[in-house]
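Structures follow.
After this come two complexes, each holding subunit A, first together with subunit B and then together with subunit C.
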Partner chain A sequence: MILVFRILVLSLMAGFAGVACAAGLTIEITKGSVTAVPIAVVPFAQTGSIGNVKLTSVVNSDLAGSGLFKTLAEDDMLTKPSTPESVNFKDWQVLGQDYMVIGQVDGSGGNYNVQFYLYNVHNGELLIGYRLTAGPNDLRRAAHHISDLIYEKLTGRKGAFNTRIAYVTSSQKGAGKQFMLQVADSDGFNPRTIFESPEPIMAPNWSPDGSKIAYVSFHSKHSEIFVQTLATGQRESVSSYPGINGAPAFSPDGGSLAITLSKDGSPDVYVLNLSGRSLTRLTTGLSIDTEPNWSADGSTIVFTSDQGGKPQLYTIPATGGKVSRLTFQGDYNARGRFSADGKSIAMVTSNGGGDYRIAVMDLATRTVNVISDGRLDDSPSFAPNGSMVLFSANKGGQSVLFVGSTDGATQQKLAFESGEVREPDWGP
Partner chain B sequence: MKLNKSFLALVMTAFLFAGCSSNDEADGTTADATQGTDASTSGLTDGSLSGSQFGSGGSNGNSRLGAEFSDPNNPLSKQIIYFELDSSQIRQDYVPVVAAHAQYLTAHPNQHVILAGHADERGSSEYNIALGEQRGKSVERLLRSQGVSASQLEVVSYGREKPAATGHNESAWSLNRRVEVGYQ
Partner chain C sequence: MRKYGLSFTLALLLHIALISMFCFSFQSNPEMVKGQPVPEIIDATMLDDTKIQAEADRLKQKEENKRQAEQQEQQELQNARKAEEQKLQQAKKQRQMEEQQAQEAAENRKQEALAEQNKKEQLAQQRKEEEKKLEEIKEKRAVEEKKAKDLAEKQRLAELELQKQAEKQKQQEAAEREEKIKEQKQAEELKLKQQADQAKKQAEAKKLEQDKKLAEQKKADEEKRQESAEQAEAKAKAEKDKKAAESAEKAKAEKDKKAAESAEKAKAEKEKLAAEKAEQEKKAAADKAKADAEKAKAEKEKQAAEAAAKAKAEKDRLAAEKAEKAEKEKQAAIAAAEKAEKEKQAAEAAAAAKAQADAQAQANAQAISSALQGIKNRVQNAWTRPMSASQGLKCTIQVKLLPNGDVMDAVVVVSSGDAVFDRSAENAVRKATPLPVPQDLKLFNQEFRVFQFLFNPN
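Entry: the complex of A and B
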């Protein structure tokens, strides 16, 4: 029951190309679900100066990208009401819509004043009436907030559109390379560089409160872990041992990082207390143990180990103790990431066919569902609400980012105009 | 109308402060004085991101080394050791190459070498860092066993981050599973 189709969302933004060019991004839904709920988001009436962000395009893109909604193209609308009085629900019933959104945006003051209404088309019930104010540069965030409200009202789950992602880009610069650690909105717009270097940058990881990012930099010609505060740009080196300093992962309380060090021989998982800088070694032995990630309750760490011969996922209590093997299917399972509800783990998987894909394991049943279809997919991380997984993939020889639903039904591509984009991490 | 009244009763007012870049993420760009000259960090302010020029990170400065390093008939001219898929074992054909480097390094005890381990792009990036390090350490062990001092050797793994070949097929991958012997 999966329909594969392509919509260039940018085509909905005709006349607003300035936005896309400024951000250097296109969003492309590469796979959608036919079971999605039909919803019509009518272009909001505009007064005053709105700039070049079309609010309802952002909302449409969010809702369609979630895979749970099928949005109605503007050309297919019979009328375009913007006030409750002008809505004729029959017009929308005829079009097979279940829900509709109307609204107005006023940019005549310094800020944007937005109000919108969400209706059940079948009985005319008003589900949301909401008014919000956004600063001059925050119209896209306002749109994501509206998407979150609609999503939560209709699915019962919190939305994750008004969140941010971090990732690393690399491109050729002269004879060398330029690596950039960037932060953007969850749809890839509004990218901003927070660190750049001619040497590789890896493994950005958000602090739970969204104020800091830990990452690996090779700027000093060896690996080193930094924690950078987003507001100030100031950063601190927290791990610079001989050998590997890698794979930092914030604990749920933000007070520690699980990291990989090879200073004592083979790569092992350690917990670094950020205030006292004390180190606790969690794994031992000659095997590769790396890519730690914490469960949301902080009790358990999942990591990749080749102690059984091939890389597989294992768990260990965060305070140390007995190691348990988690994955048994396939000959390659790595880079485990817990969902926020602790019920599933996303991973990179390969079954020997030579393709590396993203899979989600249901921890209760241990069933593993492959949700991507690439050859070189990597770096899965869950949206804060657990509904989607962000990952990197190679398309046409270039590394790009994808967002897929956890059931594999839908996928959305976030792609830059140029350069490789990798190592994504979905922040709060 | 009815709808309108129920709407008025339901209207809530909200202000979007989250992520207002002009408010909670102010205070600008801070160059990081503790690091080298050509990296920069930035705060999340609108506009003004600092940039700077990067030189190339040139590695094998063969010009500083003797003629034997550029003589194709001399094993010292081979400064890249390639590996099989998922393996950190030194291939038989590279044993004489490593032995030649061992001989040179024992004869030149002040010569320092960086063994840069690399992996192909398949699989997860941090696991590839571990694989690259295992390859570097294999070369290090073989050099040590032939009398090279530990102080002459340093292993750095770049995983798949610095591919020698940029393709996405086995011919590129086989060129990327490597250890580069970098004379400093």
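Entry: the complex of A and C
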């Protein structure tokens, strides 16, 4: 028995030695550039009528806007293949590309039949082969969906291109103003007005399932919190206490709203149960406590408070309890928003001088990284995948929306027809 | 209620059917592609608020498509029939064509036959002409051959004569050579004889000298003995004489005492006689001693001379031996020097070889290290680290290279567990092609044909 065991051990050792010998020369690579990945999206071959939407432009814009990809301009392409048989990977290697996308769109049947392929240029490996059908008005969504698939395959994280954003626009109408709550694609296209009023609309917030939006309206001349179902357009007033009714934030389970009320004196954070309308007060005292936001696990609420003299971020357990200060850098830190993975918080930060910028704090290390250029940036909101931050900025006296990567590497201005755009919230 | 029971049930069923349809349409959200690369194509449908419409459209479309497809099929069938008819017609045409071709072929054959006859005639004429030409050529060749033979014989004769002469010369030369060799041999023999004689002579001389020496020694010994004997005799005589003198004196004194005068004369006479006798004896002894001394001196001189000669001979011999020895030593020294030189050369060669080998090894090591650095730099420059990758990832890529450094294959052998990270590493290696491998093929085969990269950015 012992002999057998010994023989086994010896043979195992011999095996390991053999493996060790076979290893031979090994070169260790310790450095690499953290740059955008080059990808070529070849214009898809089109049959039938496509309208004025160019699918690959949308995909290019999505990928480049994420900051993780460097797309290839159409003019720089040597060939424009649309079928797997006509691809010569050497052409794309020469152009320094890592990946390439080819495909076809057929719009001859009313619907769009889209077929595309994602290849690794260096070994010709087919990473995605995909066919999808989109309705007459869904070509942009189809493009975003393609971007999402590519993004997820190449970064290992879910894409957020096929998501929607909510925001408030304001424009002159006659003597007064007209405020509109709108929902659009994440790149600002396909805007749709869901509520409109001559009185201000503020602080839209998506429910976790994307079916509802909570917001503050002064339609009745005083602040009131509504929850509106998108599919039906039906809206419901959930908080109309005296004083301030502000800053609603859905809990991760969608069953509660964290809100700010001043019915008991100074503004404080409360949790409103949507089904029973019961109210739980979280903060007390004479300080202003507002702008609550839930962590993804629902355990913690971050809010802005001036209890230290200047506005700073604090956290409190969602069921109430001990308040702890989160931010210590700068004169001003407000509008805290948790990322979906709960690892970071986006905020508005200022060191004085009226310069407000968006920053992202890593909760593990408490390091704060400023990602926007200022001077009046506001209302940060994470993309569902945590890779981008949507925020409002004031450029040339006009309020516009930007999407920036969380490392500050890229920023992309969202396209809107006109008017002031502010208070954005990135939905699922 | 009962009145409308049937219609109610039908309405209910219709609603259920509609609801189930909705349910199905709701489920058909496009599924994300996850994980491994998908060689197959995934079907998906984009659905929005317009999905029902879309679904309906799609169904309509489908039906239309079906109808179209059926129509197409029918058309295709018709087309197929047409095609077959066309094929038949084509076949007919082909047959006609073939018949025409056959006729043409027959005509062609006829013409060909005529042409062949003509050709044959022409060929026959040509053959005749060629035969004539051949005969002429044969005659010419015969003449030429004769000429060539004559020339060849002449040449042969000439060559034979030359050979004979050469042989004579050779023989003469050989004879001369033999004579020379004989002479040389004789001379050598003479030399050898002379040398032998000389050696004999020398040996005899030596022997003689030795004999002489021995004889002289014997003589000297004898002489010594004689001398000592003589000396002893002389002594004895002297003592006798002394005793005798004393006894004589005694006797004289006694005689003086006993008989004075008479004895005086006798005594004087006796004394005179004794004295004379003693003197004579003394003289003789002295002469003898003198002669002996002279003899001894002569012998000594002789001995000295002999010794000198001997010494000289010995010296010469020694000198000769010395010279010989020196010569031997010289030769030995030369041999040693040669040996040393050879050894030195060998050592130098070995050292050079070793140095070369060392230099080669060093050069190889240098080439390897510089190649390693070059390859590392190239791959690091080519590597785009994924931004999304988490910390602590590492993976091993095995590459196969062509001798020019082109990356033939790169595969992940130890995965990081993150497909994106692995792919970025694999792509970095592929992107870095060609890698700067050493020019030396042996070195390339040893180290760089297949090796591994460890991507470890931490």
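Everything below uses one rule, namely that the second predicted complex is superposed on the first by the 391 of 428 C-alpha atoms of A that agree within 3 Å, B and C clash if a C-alpha of one lies under 4 Å from a C-alpha of the other, contacts with A are read in each partner's own complex, and residues count from 1 in each chain.
As a convention for this text, a contact is a pair of C-beta atoms (placed from the backbone, for glycine too) under 8 Å apart; a residue touches a chain by one contact, two chains touch by 3 or more.
Computed from a prediction, not measured in an experiment: that's the story for all the values here.
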Subunit B versus subunit C as contact partner of A:E196, first or second or both or neither: first
Partner chain(s) touched by A:R131 [first = subunit B, second = subunit C, both, neither]: both
First, second, both or neither for A:R141, with subunit B first and subunit C second: both
Touch count on subunit A, higher of subunit B and subunit C: B
First, second, both or neither for A:T284, with subunit B first and subunit C second: neither
Partner chain in contact with A:G233 - subunit B first, subunit C second, else both or neither: first
First (subunit B), second (subunit C), both or neither touched by A:E152: second
Which of subunit B and subunit C A:Q307 touches, first, second, both or neither: neither
Partner chain(s) touched by A:D407 [first = subunit B, second = subunit C, both, neither]: second
First (subunit B), second (subunit C), both or neither touched by A:N351: neither
Shared subunit A surface residues [contacts with subunit B and with subunit C]: 115, 126, 128-138, 141-142, 145, 231
Contacting residues of subunit A [partner subunit C, same complex]: 23-38, 67-68, 93, 98, 109-111, 115, 120, 122-123, 125-138, 141-142, 145, 148-149, 152-158, 231, 387, 407
Touching residues (chain side subunit A, partner subunit B) in the complex: 84-85, 87, 115, 117, 124, 126, 128-138, 141-142, 145, 162, 164, 173-176, 178, 183, 192-200, 202-203, 217-223, 228, 230-235, 237, 243-244, 246-247, 260, 262, 266-267, 288, 290-291, 304, 311, 332, 334-335, 348, 350, 354, 356, 375-376, 378-379, 394, 397, 422-423
Residues of subunit B defined as touching subunit A within the complex: 1, 3-4, 6-8, 10-16, 18-30, 32, 34-36, 38-44, 46, 49, 51, 54-57, 114, 121-127, 129-131, 133-134, 154-159, 161-162, 167-168
Complex contact set, residues of subunit C against subunit A: 30, 32-34, 37-51, 53-54, 57-58, 61, 65, 372, 375-376, 379-381, 383-389, 396, 410, 418-420, 423-428, 430-431, 447-448, 450-457
